[in-house]
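One structure below.
All chains are identified by letter, namely A, B and C, in their written order; residue positions are counted from 1 within each chain.
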Amino acid sequence: MTSLSSNTLSRWSTDELLCWSLRGIATIAGAIVMLIVVFLIVEALPVLHHVGLLRFFTDPSWHPAEGLYNLTPMLWGTLFAMTGSVLIATPLGVLSAVFCHYYAPPVLARPYRRLIELLAGIPSVVYGFWGLVVLVPLIAEVQPPGPSLLAGILILMIMILPTIALMADASLATVPQQYIRGAAALGLPRWAIIRGVVFPAARSGLLTGVILETGRAIGETMAILMVCGNVVQTPSSVFDPIRTLTANIALEMAYALGDHRAALFVSGLVLMTIIVALAVSAEWISRGRMYG
Amino acid sequence: MHRSIDLFQQNISGSLAALCIVALLGTPESVTAQTTATDPLSGKLVITGASTLAPLVAEIGKRFESHHPKVRVDVQTGGSSRGVADTRQGLADIGMVSRVMKDEEKDLYAFPVARDGVGIILHKENPVQALTDEQVVAVYTGKITDWKDVGGKHAPITVVNKAEGRSTLEVFLHYFKLKNRDVKAQVIIGDNEQGIKTVAGNRHAIGYVSIGTAEYDESQGVPIKLLSVGGVAASTETVRNDTFPISRPLHIITRTPPGGLIKAFIEYAQSKAVHDIIKQQYFVPLVD
Amino acid sequence: MAETLSRPQDHREWFAFVLVWGAAALVTAVFCWLLGDIIWHGLSHVSWTFLTTSPENAGRRGGIGPILVSTSLILGVCLAVSLPIGIGTAVLLAEFTSDQSLFGRMTRRSLDVLAGVPSIVFGLFGNAFFCKALGLGFSILSGGLTLACMVLPILIRSTEEGFRAVPASYRLSAAALGLSRSTTLVHLLLPAAVPGLLVGLVLGIGRAIAETAALIFTSGYVDRMPQSLLDSGRALSIHIFDLSMNVAGGDANAYASALVLVVLLLAINGAASWLATYGLHRKIMTV
């Protein structure tokens, strides 16, 4: 309380100073995205200038050394790998969160949660390394060549599973106990409560989880580079090798010069566009929910 | 009581901010300080370029440092083309190029330090023992897609190619007179070891990698085998006596005639004193 | 919890029961396979010497001493920059702006986008901005700053959650006592929001320490003991990538390095959850 007297006079100026410095800090944080976009555009500008954006989608192939810059097969590669892995990981992740909350005995639930947390932090290189020496040869036995869209989907699925599992876990935890008790008092069986009461109540958290895992699936680089085969083509089956936009950058960046390097920054811009679209749709979904 | 805590916390955030500012502002100065050192055998050497050469030059650099404690040798990996570009722009003191110098690169000073062969590898259990050059071309352009057409068992061929920009790719394409656009690959890889892991994990794959790397892995029990090219067995021995047809010199390059520290390093890298390192990294020392 | 729910009764219940246990078993099995593989191959190579000596012969032999130092320096730079900015922004978003204000909305939206930016794009950006435009070159500083941009959204999001979890009655009581907003913040809200901050810290460190793609083009490849923040330094995950992809015969040390990385993560997670449960309670009680 000794501080009160000395504070009374200077209170508002201190608060104002604090508020403005915080605003400055937040501006830095908010400006990073702008900075990233600006730098990507600046670096991509030379090639956009004398090749034009259109040719990145209409050229016959991706052979930057020969002046051909078609990105569409890699765009498809990214989208297919993302869709496949999200479709598998979402039910698995949500079910594993349900397991933690409503099925597992407490003795199992805690270590299981720790396991998932640990897996969330394992570096993508390790997943990729494992995929390359264990998973890819297995797939090659079934249907050569081995490195394929399927390998990518499976590795991505394992990598994004912790994200959705932890998010689902957190959102299930926010479902009010009364809801569940009430439903149980009505004599509903366990799965019916989960499906009819818990999922609707936790919907917003689950959706956020799906958005987050989708972002991670799009952005994953190193593991995909190691298991996907990296052939620039639109896949016709899951056993076909693909190259994603991210792998394209990682694979060629260190070797690229001039227009080729600039073309990789265009890949980066395309990725940014997808991410922005995802963020916008996430907000659109959440707004629809808010008023719907 | 409250007040003292308050002060303390302000101090922390203040000094943190100061630290950040110092870190940000202090940098350009110290960069120049390090690069403009004039004493002949002290200072920092920045070397960038071919990933094939990077481990070798890094090891040579370490030994060079142990002889000259005031010298630091920083090796960054990338590709031959980046080695050329960085050296031209002065971002690097020395570039690494793992191929023959091109005509448009004649303005640079190139110093060969070692040789390396590019060999074709198959899975060990593949019954095919040899491929003619025509067969290799046909396989890589997708005209032959089944092993039974080249004397193996019926199985689809998995063609492993290198990513654009790699000099191993350029050397390979140059020898077989192919264009990268014509290659029909099932897998595209980055570095040598990824190629070996891919072939070792797929019984129907064909790839090409640095011979030294393949020889080492083969000796470690990795299930791959090197094919002979043009009737010459692929080994570091045939690369050494220059009978193996697909080989390349490994260069380090400079923009200006080397002097001082750079000269001392290049002379050291070309001397016999590093031959054991070159062999240790599975390359072939130059015969003098 | 399980007691409040009734036992499986009809077919659908049984099916769900099997499905949920099956999913959990599958997840556990895959992860045990993966972890087991790393431990099995890596454990025999990890020793005190491995942790302290320099890599030799391109990493095939020797240890990871300098790489551990570089990794911690990169992490240190990353946290030194991202913590003040992250906490500051979180405080502003949670305490000083309304959700409806334009500034708050814009900042939050741009952070949402930032959270989704692929790490390789951070690598491109870091290479173009920190290495080239600011002239930091391939250095620990460039790598750390790039990582700071990357972990910022995670840090801000969970710290903000931490602040929002503080009951409104704290703020009201403080206001009623005539405390200024800054005093309230420092003495009441910050300590109470520390659990959220810690969660963010753990997630951020986890993401930073495991990062490869963003570091390859920023902190570089040099595996020597760094002498200043302007030296290039190889992070642990890049070491694993290089050993498994570029160095013949590097697998054994790659597995061992991966094991070290996983154990490090485990230790960080453990320390944070210990702090959150024991250390903080006491602090909140005494403040």
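Following the convention adopted for this analysis, a residue touches a chain if its C-beta (ideal position, glycine included) is under 8 Å from a C-beta of that chain, and two chains touch if they have at least 3 such contacts.
Remember, predicted model here, so these are calculated numbers, not experimental data.
Enquirer: Most contacts: which chain pair?
Expert: The chain pair sharing the largest number of C-beta contacts is A-C.
Enquirer: Suppose chain centres are the mean of their C-alpha atoms. Which chain sits farthest from chain A?
Expert: Relative to chain A, the chain whose C-alpha centre sits farthest away is B.
Enquirer: Quick one: chain B and chain C, Cα centre-to-centre, how many Å?
Expert: 32
Enquirer: Between chain A and chain C, what's the gap in Å when you average each chain's C-alpha atoms?
Expert: So the centroids are 15 Å from each other.
Enquirer: In chain B, which residues are in touch with two or more of the other chains?
Expert: Each of 2, 6, 51, 77, 190, 194, 197 in chain B touches at least two other chains.
Enquirer: Two or more other chains touching the same residue: where does that happen in chain C?
Expert: Residue numbers touching two or more other chains: 84, 183, 244-245.
Enquirer: Quick check: what residues of chain A touch more than one other chain, meaning two or more?
Expert: In chain A, residues 3, 132, 226, 254 touch at least two other chains, as defined above.
Enquirer: With touch defined as at the start, can you tell me which chain A residues reach chain C in the complex?
Expert: By the definition above, chain A touches chain C via 3-4, 7-8, 11-12, 14-15, 18-19, 21-23, 25-36, 39-40, 42-43, 91-92, 95-96, 98-99, 101-105, 112, 114-127, 129-130, 132, 134, 158, 161, 165, 180-181, 184, 187-195, 212, 215, 218-222, 226, 246, 249-250, 253-254, 264-265, 268, 271-272, 275-276, 278-279, 282-283.
Enquirer: Could you please specify the touching residues of chain C with respect to chain B in the complex?
Expert: Result: residues 57-59, 77, 80-81, 84, 134-138, 141, 183, 186-187, 220-224, 227-232, 242, 244-250 of chain C touch chain B.
Enquirer: Spell out the part of chain C that touches chain A in their complex, as residue ranges.
Expert: Those in contact with chain A are residues 1-2, 4-10, 12-13, 15-17, 19-21, 23-24, 26-28, 30-31, 33-34, 37-38, 84-86, 88-89, 91-93, 96, 103, 106-107, 109-125, 127-129, 133, 149, 152, 156, 178-183, 185, 203, 206-207, 209-213, 216-217, 237, 240-241, 244-245, 254, 258, 261-262, 265-266, 269.
Enquirer: Would you pull the chain B residues touching chain C in the complex into a rising list?
Expert: For this pair, the touching residues of chain B are 2, 5-6, 9, 13, 16-17, 19-20, 23-24, 27-28, 30-31, 34, 51, 54-56, 58-59, 62, 72, 74-77, 190-194, 196-197, 212-214, 216-217, 220, 280-282.
Enquirer: Of all residues in chain B, which touch chain A in the complex?
Expert: 1-3, 6, 51, 77-82, 85, 155-156, 158, 163-166, 179-181, 185-190, 194, 197-198, 201-205
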